[in-house]
Amino acid sequence: MQDLGIRVLIEGNNLYRLMGGLLVTVKIALISVIISIIFGIPFGIVMTSKNKLLRLVCRAYLEAVRIIPVMVWLFIFYFGVPKLTGIHLAGDVVSVIVFSIWGTAEKGDLVRGAVTSLPKHQKESGKAIGLTNVQIYRYIIIPQSVRRLLPATINLVTRMIKTTSLVVLIGVVEVLKVGQQVIESFVLQSPSASFWVYGFIFFLYFIICYPISLFVRKLELRWKE
Amino acid sequence: MALLEVIGLNKYFDGFHVLKDISFSVEKGEVVVILGPSGSGKSTLLRCINGLEEIQSGQIKLNGEVINEDSTKWHLIRQKIGMVFQSYDLFPHMTVYENILLGPLKAQKRDKKEVARQAEELLDRVGLLDRKNFYPRQLSGGQRQRVAIVRALCMNPEIMLFDEVTASLDPEMVREVLDVMLELAKEGMTMIIVTHEMEFAKAVADRIIFIDGGEITEVAEAQEFFTQPKTERAKNFLNIFNFKEYKKGVDNNEKI
Amino acid sequence: MDIDFILEISSLYLEAGKFTLKLAFIGIILSLLIGIFCSLVNYYKVKFLKKIVNWYIELSRNTPLLIQLFFLYYGLPKVGIKLGAFTCAVIGLAFLGGSYMAEAFRGGLEAVSKAQIEAGLSLGLTKAQVTRYIIFPQALAVSIPSIGANAIFIIKETSIVSAISLKDLMFVTKDIIGIYYKTNEALLMLVVAYLIILLPLSLLLTYVERRLRYAGFGN
């Protein structure tokens, strides 16, 4: 029989299945990013607090999350947590939890950087006109930090998408897993399927992440002044 | 034959005519001081002479040989032309000694022993032999400039170019650097010096070239230039450095 | 926790740890070389090569290592290019790390002032000599913190090579969990192993960063 070659991608409902897998990947990434932003902002602000102990605790969390590879965290939550607690979590839930923990730390550090790089007199002039601390953040610090933060945050999205590729290793059926299934079921009609399928997935990640990276660079250039 | 000859040099920066038809020559052993207001093109002229800036027309000759036509040969020409800049440009990752040896060893491929001896001799002459293993950041501005001069001298250049080498020094350090240059002049080194130190210029120069707006507007013996400048522009320029009439409590009208 | 069991498996982790380090080390060295090359191509705006380098950087930056490995290890043999798993991992790490190192060097190169370059040129050094003796050492010194951070990043990225059946720390852990069902012990050893590798490096990096910030050559 003749090898299907690149046509394996459009054979049957393969393309549809692969796209479905991609959707799972993107969904996990986006949910994790949203959670990371929601928790990361307060976390970052807390990291700038005057309370030394509080800062120390935050720092410890950040460093602990950072020093261990994400892959190891996935293992800990996928294999370790059920064993300790008896609660078994599905791979995609574990993924969202781990990526959110990781993303919160990263986002928090970005926020901390943006807030501490604001000149001090900004905060003081807010105080001088009688704003409360919350108001100072709401009206002065956060709006100014957003510009500094937006590019890095969008960057975090691409990092998250790339990291999401790991979830296949804890059994989530996403694009790479679907790819494997396609390759297996077409092993006879298309012996070269793994070249085309993995090449295609490589390409898919690229066309998702590249425009985002490009956009970030444009933003950075425009906001440099 | 003149050691250095510049003939009809024109230089543009993006259409802006910075140097206009510059011609002059420097004899062996001569000290030429270039004076002129800020932005008149003095630095650019020096940079053209050692190929750091491309020129659009004209010729530069060293010992009668045209040097500005083959851009691949500049590194060989530059070994004969020493240059010291206004900014302290010592290499921060090298000691004084390494700074001085780099050119002679790598560009000229000379014998290390011989270069080392010369380097120490030169350092001794500028009073910095005890600093030879220091890093630039451990030296004062004046010391750095003296090392920069030694670094250029150690290449045995035929001519030295100085671009406002004392301009960013604290006043008390200016003298130590100028003294080194005066010493060199006395020994017969050929030099082109851009400076704003008028007393120094008077003392060191054989000839003054006055540049304004990218043009040479006056060339004169040093003595003559300072006592009886020919052009109005040179007169005005020299007056800027004259504070006598602004002395506190002295009635300016007295003079008029 | 089963202490005896931990002692028993510790030799496995030692082996796997050595393997992880070896892989990471080769990956880091190759990344450095690629990074230096790419950043110099961009710095000197070398025609044509610059285009290739920039495409490489975009590809490397915008695709996950795991997919790169799958393509190299499972995909390429189908078109006649058979590479061993270790070779694939090394290529993947270098492909990924190279673009990160290029970025680190770019920062360093940009920090070298034009005046330094001109000072070198006016000594009669050739462009290549100026690059080697003046630009490169200064750029390297400025880039050291980013290079260190990238090295740590690359070590962490090795944690996925078990996906192409290389026997690294993750592989051993999965094995022990699968065979003995001693999940806690295996995970503990896994974390400890990574901490032993990464913690000293991370502390060293913090120290170097601090020193570089407050000092310079000659301190």
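Per-chain numbering from 1; labels A, B and C assigned in written order.
To be clear about the criterion, a residue touches a chain if its C-beta (ideal position, glycine included) is under 8 Å from a C-beta of that chain, and two chains touch if they have at least 3 such contacts.
Predicted model only: the values in this text are computed from it and were never measured.
J.: When B-C is set beside A-C, which has more C-beta pairs in contact?
T.: A-C
J.: If we define chain centres by averaging CA atoms, which chain lands farthest from subunit A? Would you check?
T.: Chain B.
J.: CA centre of subunit A versus CA centre of subunit B: separation in Å?
T.: Here the centre of subunit B sits 58 Å away from the centre of subunit A.
J.: Hey, how far is the Cα centre of subunit B from the one of subunit C, in Å?
T.: Each chain's C-alpha centroid was found; their separation is 47 Å.
J.: Taking each chain's centre as its mean C-alpha position, how far apart are subunit A and subunit C in Å?
T.: 21
J.: Return the residues of subunit B touching two or more other chains; collapse runs of consecutive numbers into ranges.
T.: Within subunit B, no residue contacts more than one other chain.
J.: How about subunit A: which of its residues touch subunit C in the complex?
T.: Residue positions touching the partner: 63, 67-72, 75-76, 79-80, 83-84, 158, 162-166, 168-169, 176, 183, 191-199, 201-202, 205-206, 209-210, 213.
J.: Quick check: in the complex, which residue numbers of subunit C touch subunit B?
T.: 115-116, 118-127, 129, 133-134, 137-138, 141, 216-219
J.: Which residues of subunit C touch subunit A in their complex?
T.: Going by the criterion above, the answer is residues 58-59, 61-64, 66-68, 70-71, 74-76, 78-79, 156-157, 159-160, 162-163, 170, 173-174, 177, 183-184, 186-187, 190-191, 194-195, 198-199, 202.
J.: For the complex, which residues does subunit B have touching subunit C?
T.: 47, 50-52, 74-83, 85, 87, 89-95, 102-103, 106-108, 134-138, 151-152, 155
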